[in-house]
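Naming follows writing order (A, B, C, D and E), and every chain is counted from residue 1.
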């Protein structure tokens, strides 16, 4: 067993999908099996990595044997691990959905790009080097854009174009920040930087540039203009990937930078992020409420839910460990719920040939598993118990209340109400007979179950808050000075 | 003093050209100005003692990007010609009136001025002497297997970045392929002079690429530069009407395309197995391994760039040979 | 300063004049064809003079050879490109300037 | 799952006895009628069995508690104490009867698997509400109840049902949000949410009192939505579009009682009745309850639609519970809490009967009820018992509640309650007696209203057995709860036990 | 003192010029040009400041980073151009459509 423990599962988690993607390019006919094998392998590798981290604490691997700051280190603590688990599980669910979703012609296009995206995400969550993060960020962005445009329909092309420009702009701003940090402190390794940087003009400018760039890529209001058209026009599994995982990538980098580098001196800036998050909740929810199509509704819901993630910044003063735990938990919860929602929306589109909400026509009877998936995911998005969304919201509310942040608490409550409004709008019509009956196409059972299982995951995660916080605590034990603030449940 | 004057002029020249390129009324002119801007950038790299970057910039930044832009513009002109109206080819909906009211434009200018001032201040406040990682690089150069520090960083110290870089290139091709081909366009007859030119230049390009690759170990040059020169040869051939046979090219093409990425992956696995350390070369073998990696990467880069050019310039997607089953 | 240096300086000045004239022509001449004339003149002769000047300063014959090679390549490419541009202009129906 | 030792599994079994059949039923195809019926009934019987077991145990001083880690610092707790068992016992008995009734009512109608699935989940959440050992567990099941009743409200799939569902949700979700805000605030102050006999707040410094009053308002507002306190009652009459068994369940057991039960818990086990009185929050609550009692009765008077009249009657009657809770004193407490059971028995009878009239004869309006007593004597006999109970005619159960409420008010020195009780009783009589008069003393029409499209022909039979038995049984239960109030197994006896524990600890 | 700061300042100027054009122009090709100019600006800053280590020994790490960056830029440009062409083929013009393409 210990030999299994010695394997560098982190490297495997990056290499495996890369190899799979390359194999897809070489043998297009084998795309689907190669894809499924790689994704399953990644899940196993992440499980191995998780085991290793539980046993040995923080994972660090010096690529090339040089070690930071000269070389690049792979690095995983509890926070990274949770993001990796999120990616692996949600990716697995979406992959099994995509297995039936794409025609053979599209499958050849989808799988290699998705595998490269998966590799990029894994590499990103395993990175501890701000320039390496830039490369993985770009790789993520290009893959995401390529997937968005997959249908070749005009709205998808427009959405992808807007998305590409936004993501490139975001990356450039981030890279400029990297340049300033490097020239200020002489390293791109996060741990080294953390020891060296002082709040001076260059660091502040880097902070502004990187935050703005990453906020743009995460679609923080008002930089969210690109998200709804892209996420709504992409094929359903791709929308799920984008909303569940891709926006989390840039969010994770921002969080990491904040936790390790900027958090100590950037209180004012964190207030600004929190304010924008609150605005995002209100604006995104109101927009979602106005939509007449499911996918746009779900896309705007993502804009709103991203807002919740940013509320962590002003509330983070309670201690980094708690902030990281809350952020990881919220991100995970949203990833499960939102992917389930997009997949369910895809089923409904396939089923009725459209995604007009008012014409759902008793979908609840004719497509029960799908509507159940949508509803369960919706429960989590609304933040109603028993679900991970509820737990996440509870943690945030509790933090807000203990710090006297009434404004944020009220925004969260209102956001939950608005979310209930837009989700039950869909469900209400799903129960109702439409005036004109519609023809329907069969939906493969595998696709229904993929959506449902992800949604059930979003519910079950609600009972695993203690485990998530225990994982976060893994690295805090090593950073002993913060161990005192860890919650032990 | 003379140097200062030159650098100042070059700096302002860059800014001026960029401004002109971005705001000229005619798109063709804009692209030509942009290419000129790229060449000036190459000069700036030389002034900054960065010959490797200068080579890459001249070949990729100015050369291939320029070719891509021009090809796309030509396609765009032809397309809007066919699809919309009988407007002339080049001035495609020229310089659309910039969006936004006077107020918002004023606000934007104000914001941008503020941000440039802030950035300038931040840059200015940096210490005037800093070595960065150059000491570390110099200390380990002997163990890296190559003598050119830039190559050492690219292929050894930060080889992992370069590995992901190869994936980005592959991803670009996949992305362009996944869009599907454009509508076929009738092939135009190619000028005899161009054909001769390409026939004459191709061997020279190949030779130059091989030289850059070889010399990259110890002097400016390397896989990216060599690959882009080779890619340029491909572009030239494509321009002069050369089209590889679809059936024959399927496999070799895909192999060439993935050679660099595949080499990195295999080497990564191998080092992980043998050395228990990802992408760690044994010091004695490092030079050879890097050369091998670079050679395969050069092929991949060249093919990638040529395919990208082809995809943008013409409707042919058969060449790329998407493995579709009818 | 050796004699070679003086020769180099002269060659540079001459080359510079050609480049200047070529650039002036490019900017001032009335149509594509005449501008091409100015441009290629500068490329061919101006660059040739500069290369010659540099070659005198070269450390080895090999370096001088490389410089010569560059000049030849530019000559060749310049000629071809000038031809292609002129051909394209003709095909497009750009009229030749006459007084 | 820590704390699973000893008697931990019984509360879990009570919850599971409704949950598991429900989940299995979701997966059943429509035509598996027999299997579904077996599952439903065995679940209901199992629940009664486990409840009886726990009743026996609690009576003899045992305690049942299941604890499970949930949030950092907060557990999910299911605990059976005397109060929760009262509610559980009520819900298990009524679940069994309603299930029988629903099987008869929905015979041959579509989507039954879905219906019974959500029905079971509804009972699951009610059991959870009843057995919650702290406020977070209560919140969890309380919100779950909202979610699983929604599909029942919109079950018919018509545009009207969708609208009604929207109104239902607007009220309940907003209420849930207020409740959540209150609970979080409370937690931020106290750091615990456990229910405990003297409350958890009495030791707090007086500087917290304004905040605690605000929290009380939030909590009552959140709970008051489901308990249909004026002005938060608007959803209840609208939810009448649901099928009759749903209305019966919503109004007699699950939803409104969850709200009322929550108010009892907050006043007794979070604030503590003495501390609540000290804060001065009980007086306004009692006033609010009194207003609701009168307002609901007045509105009921004006309704012609039978179910809507019953709905407004519910608005009025449920507030007796709140009233009893808000009057500080053991006797009033007894009156209020015992009404939890009494009102449930009586109101479900009335709704069953209304459903029978609609299902058998197509009668939906009061003015269509002329002479219906002759056509359906048993049904109307049950209805009459229920109505008498509502009015407070001895010896039906409703009288007991009102009697204790009145005594309690006098004991607590709040004599203004007496006129409210009398006025309400008069109003009750004013809207029930005309119905009874029509049913028994007017001549039946030549033909009954056209029946629903799924209508069944019962011939000379009064109606189906499955439809007739439940109301008759519940009516008898309501009667006996009053008649035998002084025996050891009556609800009143049990409630006296509860009041004893709340006041004489 | 070297020319490092001069070029770095020019780089920040390029970044902002590009940003301005990116926001102001509707035509996608111009936006792509703008992104490229911005990229050049960032690269210039990255390499220019590496000159601070002296005339003879420059820091090679930023050089390697910029070469990496140039390759990313050309990849992104190619993808963007292909997208633009496809969009123009479908919609007849190379400007971004209004928010929701329906």
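Here is the rule we go by: a residue touches a chain if its C-beta (ideal position, glycine included) is under 8 Å from a C-beta of that chain, and two chains touch if they have at least 3 such contacts.
Bear in mind that the values here come from a model prediction, so they are computed numbers and not experimental data.
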Path length in the contact graph (chain C to chain D, fewest steps): 3
Maximum centroid distance from chain E, chain identifier (CA atoms): D
Closest chain to global C-alpha mean, per-chain Cα centroids: A
Remotest chain, chain A as reference, centres from CA atoms: C
Chain pair showing more contacts of the two, B-C and A-E: A-E
Centroid distance [mean C-alpha coordinates] between chain E and chain A, Å: 27
Between chain A and chain B, centroid-to-centroid distance (C-alpha), Å: 31
Whole-Å gap between the CA centroids of chain A and chain C: 57
Distance between the centres, which are taken as Cα means, of chain E and chain B, whole angstrom: 12
Multi-chain contact residues (two or more partners), chain B: 119, 123, 126, 130-133, 137, 157-158, 161, 165, 168, 171-172, 175, 179-180
Chain-chain contacts as defined at top: A-B, A-D, A-E, B-C, B-E
Interfacial residue positions of chain A with respect to chain D in the complex: 362, 364-365, 368, 379, 382, 384-386, 390-391, 394-395, 397-398, 401-402, 409-410, 413, 416-417, 420, 424, 427-429, 431-433, 463, 465-466, 469, 487-489
Residues of chain B defined as touching chain E within the complex: 3-4, 7-8, 11-12, 14-15, 18-19, 21-23, 27, 30-31, 34, 37-38, 41, 44-45, 47-50, 52-53, 56-57, 60-61, 64-65, 68-69, 72-73, 75-76, 79-80, 83-84, 92-93, 95-96, 98-100, 105, 108-109, 112, 115-116, 119-120, 123-124, 126-134, 137-138, 149-150, 152-154, 157-158, 161-162, 165, 168-169, 171-172, 175-176, 179-180, 182-183, 222, 224, 301, 305, 308-309, 311-312
Residues of chain E that touch chain B when the two form their complex: 1, 3-10, 12-21, 23-27, 29-30, 32-34, 36-37, 40, 43-45, 47-55, 57-68, 70-79, 81-86, 88-89, 92-95
Chain A to chain B touching residues, read off their complex: 6, 8, 11, 15, 18-19, 21-22, 25-29, 61-66, 69-72, 74, 104-105, 108-110, 112-113, 116, 119-120, 123, 131-132, 135-136, 138-139, 142-143, 145-147, 149-150, 152, 176, 180, 182-184, 186-187, 200-202, 204-206, 208
Chain C-touching residues of chain B, taken from the complex the two chains share: 191, 193-194, 196-197, 200-201, 204
